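For reference, chains read A, B, C and D in written order, and residue numbers begin at 1 within each chain.
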Amino acid sequence: MKKVTDFHVVEVQHLSHDTFIIVLQGTEPVIAVLPGQFAEVEVPGSPEVFLRRPLSVHGCDPVAGTISFYVKVVGKGTARMSELLPGEKVSVIYPLGNHFTILEEGRVLLVGGGTGVAPMLMLANKLKKAGAEPVMIIGGRSAADIHISDAYHAVAEMHVTTEDGSLGVKGRVTDHPLLKEEFNFNRIYTCGPDPMMKALSAIAREKGVVCEASLENTMACGFGACLCCVVKTTDGHKCVCTEGPVFDTTYLENW
Amino acid sequence: MKKVTDFHVVEVQHLSHDTFIIVLQGTEPVIAVLPGQFAEVEVPGSPEVFLRRPLSVHGCDPVAGTISFYVKVVGKGTARMSELLPGEKVSVIYPLGNHFTILEEGRVLLVGGGTGVAPMLMLANKLKKAGAEPVMIIGGRSAADIHISDAYHAVAEMHVTTEDGSLGVKGRVTDHPLLKEEFNFNRIYTCGPDPMMKALSAIAREKGVVCEASLENTMACGFGACLCCVVKTTDGHKCVCTEGPVFDTTYLENW
Amino acid sequence: MADLKIDIGGLLLKNPVMTASGTFGYGPEFDDFINVSDLGGIVVKGTTLEHREGNKYPRMAETPAGMLNSVGLQNKGVDYFAKHIYPAISHYDTHILVNVSGSRVEDYVKVCEVLNELEGIPGIELNISCPNVKEGGMAFGTSCPSAREVTKAVRAVYHKHLMVKLSPNVTSIAEIAKVVEDEGADSLSLINTLLGIAINAETRRPVLSTITGGLSGPAIKPIALRMVWQVANAVKIPIVGMGGIMNATDAIEFILAGASAIQVGTANFLDPTVTIKILRGIEEYLDRHNVATVKELVGAMECC
Amino acid sequence: MADLKIDIGGLLLKNPVMTASGTFGYGPEFDDFINVSDLGGIVVKGTTLEHREGNKYPRMAETPAGMLNSVGLQNKGVDYFAKHIYPAISHYDTHILVNVSGSRVEDYVKVCEVLNELEGIPGIELNISCPNVKEGGMAFGTSCPSAREVTKAVRAVYHKHLMVKLSPNVTSIAEIAKVVEDEGADSLSLINTLLGIAINAETRRPVLSTITGGLSGPAIKPIALRMVWQVANAVKIPIVGMGGIMNATDAIEFILAGASAIQVGTANFLDPTVTIKILRGIEEYLDRHNVATVKELVGAMECC
């Protein structure tokens, strides 16, 4: 059951000059969100922003009545969001889209690049609770891009790659030994830049495992009403907002 | 010399449920403003407001570097202004338009109705300093509309009318004895609703004195560039923003 | 309480709030948010003879107070609609109109023949104004002879309510409206989107895969109001107005300009409950202004 | 540093930033805010043969991301311009174009004859697209025969730069553009305002005294970009683009779509220094992208 409802800003935690976590408090009971689902978030008080912005749910705590997003400033909407003050009202439509499959056993690999980290903590949590053994690789350009708290280490075996080698393995996530000689997983879950996800999809195909990727797209509604957000699949155009954002990559054309 | 410059909100003083004074602090030296001049004030953070809003300057203190406006909430722009928080940035174009004539002697009558009060305190101050003897009538629907501080009493003989009689003389400003049998002034200065100003203009004509009225108009620019803000004068269409807002009412057609 | 019922050329709506084609899916997309049956009517996505994949990604660009889309009539074709979608939505207690699109007159006609047979579909909205398809589409709605041809052909085979949706991308929308009225349309809806472009200055590329797309949202409201007013002054059949309606005040403006009913489009994306808010707001406006029926307000703008 | 000079059909601008007619007064209105001589050119208010009072108040309505105006060519006539205004502005070290408007072809011709004699006026912008006058105005720009007639008549008497300003209120702006090019225009400017209405729902009256007015501002930018692109693909003469330009990025978009220069209109009201900011922003963009001259960017949008 999706709904559109008001939240109030609790805080904006700045992780770096361009990345922040925004925590919102619901005015109504908060619905449990599954890992990979997203929300359409209003950007209040910005004359230049017309539409809502789609954001993966980073954290969701129905008991505390909070929901959080892990956001990178890339334009006017995300810039405005980063300046929101505690108490400001933000309308949110959620939960939207499908979610990552929660396996109940086996070693599984979670790979987040950039803001693709957003759904990963929640996903690792669920997987671990279900009985699987999550291993996570977080990739960035440099150490400044990597924001891993203790919460990550508590639920997954953590690995890091940075392109400049300032933290973890030097190179891209696909350069990590876990994706080469040490590959030993039942499934890959990924969210991040398309080229990264495509490379992971290729590795998964080679290794004969399923790769679930969370796609981005330009969205006007987020709940299947506009048909703006299509991706080409082996079965024609599909809406990323309703049939995704998570896709088994074998289903995607040219992946 | 007009300029466009940034101010920061110092405070919003709520006088009643719909009337407030907003005080702004300049980021550059503040230009001295003459009574009757106005400013074009940005309404920040409102997706529904496109243009600036013209507002009479209520107070201006070049020493303190502040400027203030006396505003009534009538729509989306003024509503948003009433919610501005200390520190918020507001761009202002000022000083704009002409100003009331400052007589150097004689008893003069100042009549403000509604937000037409805005320029009156500054005007009374200037008149008194110049050597004239200002008498002021403030009119409203009820006592709740009248917001006169000690500052007014310090510079002018104060009178009040309210339509419901809850304060001062019952009736409209034109019902006040000072505008009837007790009329004894060199000039009338007025700002407020058109019907009130037209009635005062008629009285002035009858008494053979000049009436200076500050007009409102729908403005796009405020400084003579768009020709949107015309009023019909005996000499054709004139821009209220550059040839006004203050007009000798004998110059206005149908007044 | 005010009477919200309104007759638009034989089709009696319980209230004047409809949804615009392509912005409301088929209805079920909104079941979580509102009771779809509360609406005066819904117009489903543009339907063509054959299945269509629509245009390539990207299909959407945000613009000042609006958006461009180039969805390009993605739909599974009229037969699929009749067999699979129609049964799933016919339970709604509101008028379901099908937006009919095509590239050739024969196609329009065939689609209408299929829809004629669907008992629960009381009418169609003939889309002669879609800017997002290569052939046909908007071309039909931008010249009098072609607007005449397609309306005539459809009227000959379609026996229920025929609403024709006009394109704003024309010099004189009133002329097209008159031609369409002549050919027997029961009502007119306007406006469809205005043709526009968005460019990404950094990449130096158009934002949309199709370069041009259709502009909708509040940005176009003044143009839409003007066209509704022009058409209302030119024809006798009822008008359904749309273009940038975001709230009840906007809706009232369209009604004052001459629209008997309105459609809500892009606003559904920003707030999926907006239609119901507009409905309540119209009711509140009528009561506050002591207007007994919506009908009294139609074209009631006082001009002089 | 990038070379901002650009030749628009024989008229060499020191940079591509001009101001739009009716939004910049005659120049002195901006002296307090900017150095007018820094601009590539200014286009002064629409000038007619006789003095005109313009339309009645109210003449302006705010709309979503835009505004409507119905000023209606208020001006003191061309003789007054030549005698009193021209001497007061001819000191500006920038090209001053006069926007020429009228109700009859003979009037246009007479105005141009007067302007021909003013040494400091290197060109005119022939306004065949003003939506705010009862006769003539926009009518000239919305049909090919009348656009041809007025352009031909003016071209016969006017020997300096002839820029023709096109109306967006047409089915095919490219067709009108081609006709005007045929008749010898040196450049084209577009777009003028789109015809719109604003209604006050509370009073049930139109906001403007004239009911309809011209829509300008960011709301119309996608439409303006589309028309610039369509015209650029249809004619060989240079195009001056406008419509909702608020910042340097917007300006770059118009240049990429095919405009050799741009005009800034409504944005001047929100920020009287905006033209200079746009100028600096274009410079910064060119440097950041290693583009040596503005010219290289004209029509450089990559479509496929």
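Assume contacts are C-beta pairs under 8 Å (C-beta built on N, C-alpha and C of every residue); 3 or more make two chains touch, one makes a residue touch a chain.
Keep in mind that this is a model prediction, so the values were computed, not measured.
J.: Going by the touch criterion stated earlier, list every chain that contacts subunit A and also contacts subunit D.
T.: B, C
J.: If you take the mean of the Cα atoms for each chain, which one ends up farthest from subunit C?
T.: B
J.: Express in whole angstrom the distance between the two chain centres, defined as the mean CA positions of subunit B and subunit C.
T.: Chain centres of subunit B and subunit C, defined by C-alpha means, are spaced 47 Å apart.
J.: What whole-number Å value describes the gap between the mean CA coordinates of subunit A and subunit C?
T.: 36
J.: Which integer distance in Å separates the CA centroid of subunit A from that of subunit B?
T.: 55
J.: Residues of subunit B that contact two or more other chains, please.
T.: 47, 49-50
J.: If I count partner chains per residue in subunit C, which residues reach a count of at least 2?
T.: 61, 63-66, 217
J.: What topology does the chain contact graph adopt: line, ring, star, complete, or other?
T.: Basically the chains close up into a ring.
J.: If we use the touch criterion from the header, which chain pairs count as touching?
T.: Every pair of chains meeting the touch criterion: A-B, A-C, B-D, C-D.
J.: Across the complex, what residues on subunit B touch subunit A?
T.: Listed in rising order, the residues are 45-47, 49-50.
J.: Looking at the complex, which residues from subunit C come into contact with subunit A?
T.: Where subunit C meets subunit A, its residues are 22-25, 29-30, 32-33, 45, 53-54, 57-67, 69, 71, 74, 217, 266, 268-273.
J.: Which residues of subunit A touch subunit C in the complex?
T.: 1-4, 42, 48-52, 91, 93, 217-232, 236-237
J.: Which residues of subunit C touch subunit D in the complex?
T.: 61, 63-66, 68, 142-143, 169-171, 194-199, 201, 204-206, 211-212, 215, 217-223, 225-226, 229, 244, 249, 252-253, 256-257, 285, 300-303
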